[in-house]
Amino acid sequence: MTAPLPGAFPALELLIVLPLAASLLAILLGGRLAPRIVLLLGPAMLVVTAVLAFQIQTQGPVRVEIGGWEAPLGIALIGDGLAGVFLVLTAIVMTAVGVFAQKPFGSEGAETTESYTFWPLYFAMWAALNAVFCGGDLFNLYVALELLTLTAVAMVAYGSTRAALRYLLFALAGSLAYLMGIVLLYSATGTLDIELLARQDTIEATRMVSGALMTAGLLAKTALFPLHGWLPPAHGSAPAPASALLSSLVIKASFVIIVRIWFDVMPDVAGTVFVQLLSILGAGAVLYGSLLALRQTRLKMIIAYSTVAQLGYLFFIFPLAGGAAAETPWAAGAWSGGMFHALAHGLAKAAMFLAAGLVIEALGHDRIDDIKGIARALPLTMFAFGLAAVSLMGLPPSGGFLAKYLMLTAALADGQIGLALVMLAGGLLAAAYLFRPVNRALAGDYVPEVAVVTYWRQLIPLGLALLSVALGIISEPPYDLLQVGRSKVAVEGIDD
Amino acid sequence: MSGAGLDSATLFALTGAILIGIGVYGFIVHAHLLRRILAFNVIGSGIFLMFGALGFRGAGNGTDPVPQALIITGIVVALSLTALAVALLVKLAEEEGGATLPEEQPGRGEAE
Amino acid sequence: MGEPDRATGVHSLSVVASALVAAVLPLPLALAVLSALPSLRARMLDLLPLAPVPGLVAALVVPDGSVLVVPELLLGLRLEMTGNGAFFLGFASFLWIAAGYFARAYMKDAEHIGGFCAFWYLTLAGNLGVFLAGDVATFYLSFACVSLAAYPLIVHDRTERAKRAGLVYIVLAVFGETCLLLGFMLAVEGAQSIQITDVRAALAANPWRDLTIALLVVGFGLKAGLVPLHPWLPLAHPAAPTPASAVLSGAIVKAGIFGLIQFLPAGAEPGWWSPLLIWAGIGTAWFGILVGLTQRHPKTILAYSTVSQMGLVIAVLGTSLQVGVGTAALTAATFYALHHGLAKGALFMGVGVIQKSGRRAAGAVAAILAALALSVAGLPLMGGALAKLAIKEPLGGGVVELMVMLTAVGTGLLLLRFLFAVFGNRKQNAAIRPPMGLVLPLFATGAAALILPWLLFGGLAGHPLAYAFERGNLWTALWPVLVTAAIAGLALGWKMPRPPAIPEGDLIVPASAVVAAAGRGLTLLYGRLARPLPVPREPLLRITGSIISAAEARLASWAVAGTILITFALVLIAANALPGAR
Amino acid sequence: MTAALLFDAGLCLLVLVVAFSAVAGRGLFGAIAFFIIYGMLIALAWLRLEGVDVALAEAAIGAGLTGMLLIGAWSMLKQLGVSGLPGGPSVPLRIAAGAVSGLVALALAATVLALPDGREGLSPAVAESLGRSGVDNPVTAVLLNFRAYDTLLESVVLLIALIAVWSLTPRAVWGGVPGLAQHARSDGVLSMFGRLLPPLGLVVAIYLVWAGSSQPGGAFQAGTVLAAVWLLVVMAGLYDEPPASSRNLRLALVAGPGVFLAVGAVGAAFGVFMGIPEGFAKPLILSIEFALTVSIAVTLALLVAGRPRRPA
Amino acid sequence: MTDAMPILLMLCPLVSAVIIFFLREENERLRTTINIGSSLLKLGLVAWTLEGVGRGVIYEYRLEFVLGLYMLLRIDALALLFIALSSFLWLVTTVYAIAYFRGTANLSRFFGFFNLCVFATTGIALSGSLISFFFFYELLTLSTWPLVVHKGDHESLAAGRTYLGYTMVGSAVLLFAIVWMEGTTGPVEFVAPPELDKLSGTAQGAIFALLVAGLAVKTAIVPVHSWLPKAMAAPAPVTALLHAVAVVKAGAFGIVRIIYDVYGIDRMAEHSLGVPLAMAASVTIIYGSLKALQQTDIKRMLAFSTVSQISYIVLGASLPGPFATIGGLVHLVHQGLMKITLFFAAGVLAERRGVHSVSQMAGIGRRMPLTMLAFSVAALGLIGVPPLAGFVSKWYLGIGGLQAGHPWVILVLAASSLLNAAYFLPLIYRAWFTEGPDSLEQYDGKEGPTALILPAVVTAFATLGVGVLAGFAFSPLGWASLIVQREYIP
């Protein structure tokens, strides 16, 4: 860890400050001007994350002690590879969605509820995401997570009050469990700083209980099966840009905290049964979510259940890291694979929801039975959807494939044939449920009458989908970035 | 705290634990969302009480101020969430004429 | 063997000779291609007699043992002029020239003339290729070319009869080709070479010897009309236009004989193959005669006669397998086949002439036909008698020889039947003068059939010509004729009971009935088997679906999910805390 | 057992009983009433735990504002004619939930008891750095200096909660006035309070902020007081709520977090994000606190008032 | 130069795919120019490479993804065999497709994916490592699907569904096997045999079975062949590609790679892995022929014929010994030539004359002489009539089977030939020797546009040419012998 040199570019800090400032500015400026902020902020954030990624890559992990107060008294921001890739992902997806949302959440005439309230929520969500990804203090993560929850629930509420309330209930419960865990941890150790906590190596009951509580709470927020009940209605009924953010980024935030807990904070606490349990739930998610996705009749619901399923893969990294899998030619294969999966899924899912949003804008609905011929009306959109689907199915040359390949290698090297089979089955099921809408969209030999969707807006999901595929081809930079400051445990395994 | 026998701090900490249990009970058992929000607040304050009690050192040693600061932050956060929950609940009531989620009403499945 | 034999390509041919050999096949092939062009079609008929000329010239000029190797073509093309091959090449070319000339006049007004010519040329190329082939691949190619290209000739008239004949022919031909291919593969694998000489030499030692020989015998025998593989012959010959029948019976059938000559391990005594072939041949000879006697159509009768005669040749070839007999028997068979080919070709042409011209042709044509018939029957001093004489020796006396000699009687009767069928038909009323285009080739071929044996006897049979005039031999030739005459006289005087009417193609009738029945049965059986099993797929899906839906509704409920969450936290604690969990 | 402990035990028992009544009581309004009492008791408990700042916050926010929110929701539901479910939770559910929550309580209690002794926490560290923080109250030091980043995010959380509540506004009344119109008589008790209290509240609030640097108190407590005063004024019908579209209102909303963030950002520009230079610590913290107080007051008041319901 | 060659070969179709995707629908001339131009350019590059590889040059290109995971493009003799075939047939198919689709909609999409398909196939051919192979193998699945469903009608959508369903499962199995192997041995390159001995014998066998099972789907080995006949719903140029060059060939090519370059002949023999595969291939050969015999629809008949024919390649590869290998490899090319001719012709018949079933073939030879001539030549070739391409394959396969000590192979070949004859000959017969209902109509010299007829004629000629000129060094047979020489004499 290197402290930033005096005068070094404060990339990490800017990633918090800029969106927060934008959020306040949006409140102040109102619905007429707020949508335009993103046109400035987006590029700025992309540049800043790029600089940060460069800093991390060249100088190693960055650590910022806020206010100059060292932990445990103060709060630190961690800029390691893990934070770096997710910050970049956030910048990309957020910018894309922000540009996309100019239309549904812009206002040509008078300020409306949506055009006013969406942008502060959006920027605050961005800030919250960044704060979570680079947060180095467990309580600070709690506050950031709550900010995230608030914005996410509010965005869901645009679509369905009921779904928003359900989401909020789950999130509240999750928060409480997490908070409970923090309380116990602080009481036992006197610190909340992730790095300081990582140096504690005694296994005490308190740490066990607190780890379990935090994990359980975060699982509810991540919507791991069987705690996923809130996700499909919420993601399925929110406006498309919001769904994109929720599925691609928001749930990853709590997942990253879980990773931080078990790979950084208390890897010694986790037992074999525990990590297996997580992966079993993950496998359950993959299969169950896919099966339900197969039964949906609305495009967005399919995508939402797909998220339930895809999340399952992320939990395979817990048993797969380390063990015999460490022998694979790729450093920390399973761990890196899991992170790649999160990235690829983030990009692909955002692309999908935005594409679905365009379909809804064009047709006024997203019932699969009635989207016949949409591929002729919106070829670029459906192409983007198809490309994103390729990544979700884990087909080469997409990022999803690379992720799956890394994890599969680890699984087989470790003798976890069951998980390997689930991964493959998951890919096939994904193909099955994503095939339905694509097939339907291609059917028919006429061009249905649709509302006008501009060309450049179709390019946004396409760009995201292409990125998701490109992640499999230009995979070295993100892969290398990911390895900076990677927990030793990612190689050695957390259960031994 | 086993060494010091039962003192006030332990007492309050245990009270916090039981409050959490009570809150959990309410959070699960009630379909009415307002009561759930209430239960949520009970759990929250139970956790805070426990936190505070565990950071309490009795006279002389000085109380640990960090938990207190965290608790204040937590209280504000809880209020924020409560406010949103209440607003959502009122909207739900306006839209659907009920204060419960459909899947928790006996005899009605999820229809979304 | 790996590489095609390039190093040993013996270019012992002079430039002229190699040019000749090289021209034998390409000329007809080129003409075949040209026939397909609409603008040239009409002309191609006139060129029919021209195409085989290089073959004839090559047979006469190119010395034995000449080899032409073109490794780039096929699997290493090798053309080789062998002794017997040269004879076959020569006589076949001659017959093709004559038949081609005949066809010019005969087919003048026929339909589909372009196709006829194209396939004529193709068949010709294949037929000559068989005799020149020095490697198995070229041989097989040529043989297949004959088999397949002959099909359009057979069905050329597009009559129902022709179609049926074509069907039987093509089914058997494809079957025969397949057998040949298998046999060749086995033989080549055993020899580790595709040169025919090597293959033949290695065949006796081949571990798959019996199977290989069986496959080859079936393949070639089918073409040569070996019973029971013969049914296509009596069907196809009458159905084809006459010039085609002439080459079919005269030259194409001989390709089968030549195949046996080329591939059977002469003198190697491979197991019981010699007696088997001899008796199969004799059986075939008698079968052809007996069935042929029941027939009415002249061309059918001739076809059965061909079957019968080829049976004899096969019997001779059977003897060639014996130690010590070998080459002599092969030469004898060649001689016999040669005569038969010319004679039979001429007989078919004669039938064609009569068909076209009716009674007007009766005189001279009748004479030559009778002479040819007698020759085939083996009347002393005729070409056929010499042929019979040539094969007598390899047969080696005993029962075999007796049986063979007795077939001469049968053949005589059969050909009498033929003559009656040709001339006894009162209905023929066309009475035009036969065009020279038809008559000339008939006479040329007939003459060749009668004369050539005399010229070649010394060279081929290994005896001076005088041998034919030895008393014993004369008698051997004569007595069957006398018996024949006696029986014929009896038959004429004493009204014989009508022979049973055996349909053309004899065995094929019951066989096809069996095949049809089997086909129906299989179809029925398959229909039974192919019916899908009734799997209750729909209800199964519905039930699992409703279970999942119910589960999902439960999981969305907070009461359930909350309980799960808390239980979960407790389980997670336990998962780390319980002894043995770590 | 000392008297203090006895008192504490009694207090705990009371807290538990009241909490159970709040959670499991039959009537909804009664439950809310119990909840408010419960909040007050908890505040009392905090006093016993020497957490005066927390006690203030708990009383003002935990009991007061939350109670108001719940009562407001209850009255809205009543107006809408929405009542609780007939019957209430089923017996098996009660048993299951009881078992589960009992287990939770037991597990937590066990964990609490299992915590090792002699934990110092961070009080020594805070005490050590207090001098450099610019304030004397350790809690304020933690809130506004050591963990100022938390507080910054927290203030944004509050603000965003308001925006989130506003996001539920129907399009037709966007930019309108929150809450329902109040028609209090101008000569009523409320009205009188409404006229009297604002100056008083203002004074109390300023004191709380000022005192917060050395004694318990601070922006949140002060903001709550101000918000309460505002709400009273509105309820008295003296002033109406400002419309959500008001520019001044929006400025007031973002002022606190804005100043806070600006200070942090300037720090970042000088190398230390949220760094408060030692010499300027007190004035900077105080100005942040004042700005925050204003924003918090406005935000809290509007949060309680709910989303806009009437056109401006 | 040597390192750039693989990239150049890959770029040809990729660049044209990208350009064509963004071309406007009406821009027909430019689209055609790019299509033909890039095909010609690629063919030229292949010819150049052919000379180099003949001299023993190896072209190689490496692209790193993440640590230890990389893409390897490598032109060896085997790769070149496949790529030469595909480049040639692609050119022909492009010409055909342009004529076939003239005046229909969605052509930029079609030709975009069409070129993407070429890209994937080229990639499959050039893949120098297992994972690179998988990469392009999957890309092929994806890029062919839009082609299969191009018509967008119910039938082709159903076909597309089946196609994806089968191939995705196959890919999953394949991936599983690859990962299993590479998890132990590290990245597997075709040039150097992997250290398979790290795996137990059982594991080696199991991985082999899984690899082959995964590839078998595209190769359409019974019982995972059903997608192929269904995929007939696709437009004719697409089916022609599927059957002759792209999809089924990719599977067969993969099996060849696995056998020779991953496992190696010695290991195959040691664990006797080949025989079961050969038997499966044989069953497929017979079964496919039997099913073809049952069909009345021409394209379905051809499809089942493909099922049968493709397994010749597998059969050849699975039998030890140089002859069988040559037979299998050469059939890779020969089958492509013959089958594509048949599909071209069938497409023309359906398109120009509405002929779909065997019964409609009566007298068609008279009206579509060139088309039917091409058809007949190819059909005879498949039967194995010399000197056509199919004969050469069968010959080497048969001898190879005997060499390998599996004489039953020649029975399979014989049975298949007979069955082939049984379903092709009646068709030819009907076309040439019977009169159609409108037989009075005279041939007017207008069979169709030259660009539609010519491809079939060209490939029919090639069918004849590769058989007649089999002995040439650069004929498919010569090239296959070269490959085998390099394989067997290290």
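To keep things simple, chains are lettered A, B, C, D and E as they appear, and every chain counts its residues starting from 1.
Just so we're on the same page, a contact is a pair of C-beta atoms (placed from the backbone, for glycine too) under 8 Å apart; a residue touches a chain by one contact, two chains touch by 3 or more.
All values reported here derive from a predicted model rather than from experimental measurement.
With contact taken as defined at the outset, subunit B and subunit C are each touched by A, D.
Taking the mean Cα position of each chain as its centre, C sits at the greatest distance from subunit B. Ranked by how close its C-alpha mean sits to the mean of all protein C-alpha atoms, the top chain is E. Comparing the centres of all chains, each the average of its CA atoms, the largest separation from subunit A belongs to C. In this structure, the chain pairs C-D and A-C differ in their number of contacting C-beta pairs, and the larger number is found at A-C. With centres taken as mean Cα positions, subunit E sits 42 Å from subunit A.
Our note on geometry: subunit A versus subunit B, Cα centroid distance of 28 Å, whole angstroms. Distance from the subunit B centre to the subunit D centre is 14 Å, each centre being the mean of its Cα atoms.
Inter-chain spacing, taken between the CA centroids of subunit B and subunit E, is 67 Å.
The residues of subunit B that reach two or more other chains are 20, 24, 27-29, 31, 36, 50, 54-55, 66-67, 70, 73, 77, 80-81, 84, 88-89, 91, 101, 110, listed in rising order. Touching two or more other chains at once are residues 93, 96-97, 100-101, 104, 107-108, 114-115, 121-122, 126, 146-147, 150, 154, 157, 160-161, 164, 168 of subunit D. Shown for subunit C are the residues in touch with two or more other chains, namely 549, 552, 556-559, 562-563, 566, 569-570, 573.
Applying the touch definition to every pair of chains gives A-B, A-C, A-D, A-E, B-C, B-D, C-D, C-E.
Residues 24, 27-29, 31, 36, 101, 103-104, 109-110 of subunit B are the ones that touch subunit C when the two sit in their complex.
Every residue of subunit D that touches subunit B in the complex is listed here, in rising order: 4-5, 8-9, 12, 15-16, 19-20, 22-24, 28, 31-32, 35, 38-39, 42, 45-46, 48-51, 53-54, 57-58, 61-62, 65-66, 69-70, 72-74, 76-77, 80-82, 84-85, 89-90, 93-94, 96-98, 100-102, 104-106, 108-109, 112-115, 117, 121-123, 126-127, 138-139, 141-143, 146-147, 150-151, 154, 157-158, 160-162, 164-165, 168, 218, 220, 300, 303-304, 306-307.
Only residues 64-69, 106, 109, 131, 134-136, 138-139, 141-142, 146, 149, 151-154, 157, 160-161, 164-165, 168-169, 171-173, 175-176, 179-180, 182-184, 186-187 of subunit E touch subunit A when the two sit together in their complex. Residues of subunit A that touch subunit E in their complex: 328-331, 336, 376, 379, 390, 393, 395-397, 401-402, 404-406, 408-413, 420-421, 424-425, 427-428, 431-432, 435, 439, 442-445, 472-473, 475-476, 479.
Those residues of subunit C that touch subunit B in the complex are listed here as 549-550, 552-554, 556-559, 562-563, 566.
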